[in-house]
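Chain IDs A, B, C, D and E follow the sequence of writing; residue 1 opens each chain.
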């Protein structure tokens, strides 16, 4: 009766075991010899990643505990995304970790714990499971954000994150409780069945509460205000992981939830319009506010807010219940989320490098980087331009998918906003480029990249470029992931 | 159909050079320059070969290569040339090649410069040889950012700072392209719905897009968007203001490529995408384009008269000349489209030569202010000759290809819009005035002792003059070499048929 | 439902709400913490009325016990100055009243206008702790395990944070 | 007429607790008080869950009414973890900034 | 006979090509060697001269056949959809005559230049330009269609520009060159418009041959009203005529020609007296069928412009002191003559005058050059005087020129001028005849003034003139010869009119009565000049003193230059260009910049929302929740469900 195929949970179990195992190892070995933690983490993540790839292509879709927990390509796609993100964060933070005042050994396990939380979120088809996964991720992030325990800014960021995140969880939970009250269940399929097409003030209230909860995670305006502060205050690798992982996990959950509402509700029209307006505002405000920023992390925070707006467009594109259109929108989001990882990780890896070498992360610290560290400058340029959607970088294809999906639904105006805003975003991205290229950075040290950082940025750069020129493989993956969701 | 890889080779020649340069140490500037020159020369040689190997009697797209690329949305890696794109390809490589030589004396961050220049050349080239709309856009947008970087590093600050100029240029073109992207997506979706009815997958191929029928109101809107995008690119009034500032701020090679070929993407796009695919939209917008084109011609020419900086003069003059191209497109007939393509070619060569010469003048004298210069013909006769030929080509002197292009345009325009044609011709006067003033004030007049130390252009610096002047006169004296090709392009690309149907509606006899 | 239960409900509901009010209005942070414990207790009683004895027990143990003590410890550790004014309002409190009031009005309106929820409790057989544990360990196995993991991580995290960067330079 | 306690009454109590907690989040200057207010909000949600669980009329539809209680249990666990980390953070920030005043936490802005 | 000649005519392209080759060789190969460059250039032009003579003989010997059927040999030059242009050569008596004139004068000038330009730094460049000019001018002469002619038309303009500005280090030369180019360019716009519009109507630009403009107009082309009551062909004729007005210096485009004297004197002789400036006349003659088919307004216009220019320039010439300026205004005046001859329908007379004028005006310019050369660049006639003693050849040849232009028989000018005046009278334009006659008088007067003052007057001690070298005097002699005998071509047995005429050939006898009147006018002019400047019977100063205003007006060329300068400086440069530039920078660009500013400003404003205050964030968050709920509830029509009255149902 009960489907207890634990094999389907393999990646999650591996992650949990590895995380705890690494914690224990960190405790066991003497503080001076914790260098081994890094390769161990990298190989653990690589192994898991390899397995998830195998999982994606060769293991059939299945539901664990009869739909309490889903194992479909959609979830696995996101797992690949999270693991890639985690891996890149770990790789790029090798040197950075040594600047932490203490507990360097626990950093990697915590990253893995957060990854696990994200994976749970992507797989959960039960609202409570999703919530617990979300909290695992979030609570871990509280710790990670405050990891520089002697840094007032980091602590401030963490406490802000904690308060706001908890408040948003509270309202999310309130929404879940209302849904539960309506349907008697927390399981998505059953909720969908029970809700049917009837709607009442309660369903609307629940939807709004849930939207607020997810909107917080994906930093949708007006639920975004935490993001800039936390991004700026957190250690750069953590910011990176927040930007790519937390946001993608939020989207994974949002998509599942949104599909649920799509199937069960006739609330499409207004809900969509509201979301469209939100997406537009998010793109506009995110991009415009990024313009006057002087701190690169804060700028990237606003940029990532804007990116959420773009991705939300793809979600909205899932409007009329026909399979092909479904795929269009979801595929676009999936594709974009993945390339967003590479682009953002490239930018953050360079930012990590600069911050670690120069102690701060203002745009002026990047002056003359093209001379001082040419590779880093090139990768930074490529990454931010990919975020802006300039070909031949992957962001262009991603944006194309997103906007063509939404235009196919007849929402042309949002495409204008989106395209124009992404071109305006070039303005502030070019601010960084200008800093890096215009002068030769007299008086600043040469900071060539080495080792893991070099590998990270090269990898992100090449991936961004290759996926921009030949996006077919990733697009195919995104399609099969999207298809698995609506099957 | 079997794929021909010669275009791919042409496209990849500069890329290959780029990769080699990446691995050359920064200090080996000579080597870097030579590799860049070889790369661009290979592309030039291949395009010259294509120019002569193209079978004009058959026409249509030749040397095509179509490889499915992004399958889920139907993008093909489609390359091919016809009589419209081949001159543009040749032009690109001519200017690319000469741009390398015009930058021969660069000594600041040489490696970066040539890497960016080669990206730029590749991008522009790709735009012209793409037979797939997606690839077309991809290549077009590639070029924008390298230009920005080149402007802020190697540019010069005059009336406006180079940072401002570069940013203005970049953002302007990108905003324009944003609207084009919307249009492109709309077109693609419309086409794919039509194709889906026919049981075919979506496509971005120009040829297939052109064969479908679109709703007139759809065409009008989409053409309008393209007009904004491509119009900004071709510096159509009132979207031209990036152009003079941008050229003034940019380093020589960028000005050459930008004014020479990049701008032409606007005209090329309007023909290939606007008129060919959306003829009814074109017909709707034609009167408006014509009016704006006239404003372009006269307004920019007047402003050029008031300029004191050489690059601003040429910048405004190129705005003015692009008015001719727009006017030709607005006329929507075979002759005028022929003229438009030829004008783009002619102006490209001329503008490149002009900017190249100005670049040398600036490099040697460190000023571009017309008032500070004078009598340069004494010290630098070869440069003066090149400069003067550029000027003469600019004012459409017979013997240069520019004259024929202008004549063809006016001829075509006069068939449908005689008044506009007359106004366009009147523009020649003002062109003559500012060009001759510049020539007189810069080159002629008493010998100035402060320039006596200047060396005339020689060695590699002569390459741009020789190559571009040769092209100006060779095609100017034997226009059929160029025009037969363009004409075959106009007829065999389906443009002629489209124009005949659309043109019927606008032709109202003479006057 | 018996009148007795109704009376008990109202007494403890009022206690819970009033104590909550105390939490947010008291200017003494220690008082707030004590009010918090009281509010938790009130809610725990309501749980009992709702046939959720296990939850009531958990509530008392976790909230009224552990959490409150923890809070008081934190208060002790961070207290500076006069305890009587240790918990003032911000200058934005009027806005807070407005928004919170609005939200309450909204929720109340939604709840009260919903006919389906205007129901009285049925005699219920379900609700035993055994069934709860069965459910927890079967259907809710995944979140259960994750919650366990979460507690571990939270523990470690709390230690890391509280301990601070004094391990070594 | 007997006054009976129905589902909406419980929900109303929950809503009151929630909004009082929310008000606390908005208005308290001490971070610890803010955390306490959040606990109130989560508690309110729990009350909702349990109330729905008790009154749930779908017993005969094969739905286990205890799901609500399970959910509440998870919320209690998570809330406990959250407050633990939160208080640890308060201590950290007190150590770094010598304040627990929310208004003073404004190094990061704009 | 015609057949063989036909074959000969097909080689006519060699005539312009040889100078082009020479241009090419000099420009790219022999530039460094002055002697070689000059030799190549002169060799080329002399060969062309021989070929032209051959063609001329061929034309004469072919007789009527070539008169009726111009020989055209063409190749396709441009062929695209909607536009077919052929390039080729057209041989008929008119072009043969022009070929001869051009090659002859050009050869003379080039030989002369050997001496005149000796020692100049740009010697090779000079011959390079000369060859280019010869090529362009000969190409223009041989053009078969309007576009071809326009191409060469512009090229001669370019050469003129280059040669006027030959001494580019002189600011005056630089400005004069620019002025010349711009002025003619302005006029050419009219021509180009005419060409473009003609092509759109007729689909051809050929002068002769099947399907050509003339053929179509002859075979029942229906003219129609275009602007008001002015017919299409009239408008076309007027447009086409604007080009010649510029090139041939007709009022109001005459301003460039006097300034063009800044170029080397041989250049003035060749380009600005004998050949290029008459291209306008030649074009009108070529396109005469257009003017003829158009309404009479067109030809009237030509006549009026021509006659006005004739008298206008002549009056200015009286008051000029610069030897070259006087000649320049004289040229203008004579060009006016040719134009109004065309205007009254006398194509033959016009062409004839064109030819004779080329000889004697080139002669006089070269003579003037000889003087200037001898006096080391002095050009004011009052600084000269008594040159006849030291420079006999120059003086005699110049004197022949003066007599020729004054219309004294048997010199060339007499025949041609007389024919023009007679045509004016006979075609019913007595007023124009009167103007022509008065102009003839003035011409005789100011030319003799020049001659008497410069050559016969008192010797100036500071001058040390010497006779010019052979290279310069021989061309003078040759041209003087032609100035004497050139007019005899009009004699009935030579029959210039038989070969060059428009329409049906009607042999016309000399009207000796009118001839006598015009000779008298010329003699009166000479006599007046003699009495003033030699006999000093009337003091020039007295005349000036009596009409100070008139003198000042004439001296300053009616202030036309000043007016133009004012328009350009104040209106175009000073106002329109500046205003438009201002508009561009502050309005067009201002909009762009303010948009950018708006975006940046909005960004700076929006960032203030992120106050850093935790509780503000929470407030915004929850307020948004409330708002969203209301929006959604309204949008979904769920607001009715929220009716508070529903609560009155109470708890069940």
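Note that in this section a contact is a pair of C-beta atoms (placed from the backbone, for glycine too) under 8 Å apart; a residue touches a chain by one contact, two chains touch by 3 or more.
As the structure is a prediction and not an experimental result, all values here were calculated from the model.
**Student:** Give me the step distance from subunit A to subunit C, shortest route via touching chains only.
**Tutor:** Steps on the shortest route: 1.
**Student:** Between A-D and C-D, which chain pair shares more contacting C-beta pairs?
**Tutor:** C-D
**Student:** Going by average Cα coordinates, which chain is farthest removed from subunit D?
**Tutor:** E
**Student:** Looking at CA centres, what chain is most distant from subunit B?
**Tutor:** Taking each chain's C-alpha mean as its centre, the farthest from subunit B is C.
**Student:** Report, in whole Å, the distance between the mean C-alpha point of subunit A and the mean C-alpha point of subunit B.
**Tutor:** Result: the chain centres lie 42 Å from each other.
**Student:** So the centre of each chain is just the mean of its C-alpha atoms; given that, what is the distance between subunit B and subunit C in Å?
**Tutor:** Using C-alpha averages as centres, the distance is 70 Å.
**Student:** Centre to centre, by mean C-alpha position, how many angstrom separate subunit D and subunit E?
**Tutor:** 95
**Student:** Taking each chain's centre as the mean position of its Cα atoms, how many Å separate subunit C from subunit E?
**Tutor:** 100
**Student:** Pull out every residue in subunit D that's touching 2 or more other chains.
**Tutor:** 4, 6, 8-9, 11, 18, 21-22, 25-27, 34-35, 65, 67, 70, 74, 78, 81-82, 85, 89-90, 92, 95, 102-103, 105, 107-109
**Student:** Pull out every residue in subunit B that's touching 2 or more other chains.
**Tutor:** 171
**Student:** If a residue has to touch 2 or more other chains to count, which residues of subunit A qualify?
**Tutor:** Each of 128, 131-132, 135, 139, 142-143, 146, 149-150, 158-160, 163, 167, 181, 200-201, 205, 228-229, 424, 427 in subunit A touches at least two other chains.
**Student:** By the touch definition up top, name every chain pair that qualifies.
**Tutor:** Result of the pairwise touch check is A-B, A-C, A-D, A-E, B-E, C-D, C-E, D-E.
**Student:** Where on subunit A does subunit D make contact in their complex?
**Tutor:** Residue list for subunit A touching subunit D: 128, 131-132, 135, 139, 142-143, 146, 149-153, 155-160, 162-163, 166-167, 169-170, 173-174, 176-178, 180-181, 184-186, 190, 228-230, 232-233.
**Student:** Show me the residue ranges of subunit E that touch subunit B in the complex, using the header's touch definition.
**Tutor:** The contact residues of subunit E facing subunit B are 76-83, 147, 150-155, 158, 165, 168-171, 174-175, 177-178, 181-182, 185-186, 188-189, 192-193, 196-197, 199-201, 226, 572-573, 576-578, 580-581, 584, 588-589, 591-592, 596.
**Student:** Within their complex, state which residues of subunit E touch subunit D.
**Tutor:** 607-608, 610-615, 618-619, 622, 651-652
**Student:** Using the touch rule from the top, collect the residues of subunit C that touch subunit E in their complex.
**Tutor:** Of all residues in subunit C, those touching subunit E are 90, 92, 95-96, 99-100, 102-103, 106, 109-110, 112-113, 115, 118-120.
**Student:** Report the residues of subunit E in contact with subunit A in the complex, numbered from low to high.
**Tutor:** It is residues 599-600, 602-604, 606-607, 609-610, 612, 614, 616-618, 620-622, 624-625, 628-629, 631-633, 635-636, 638, 641-642 of subunit E that touch subunit A.
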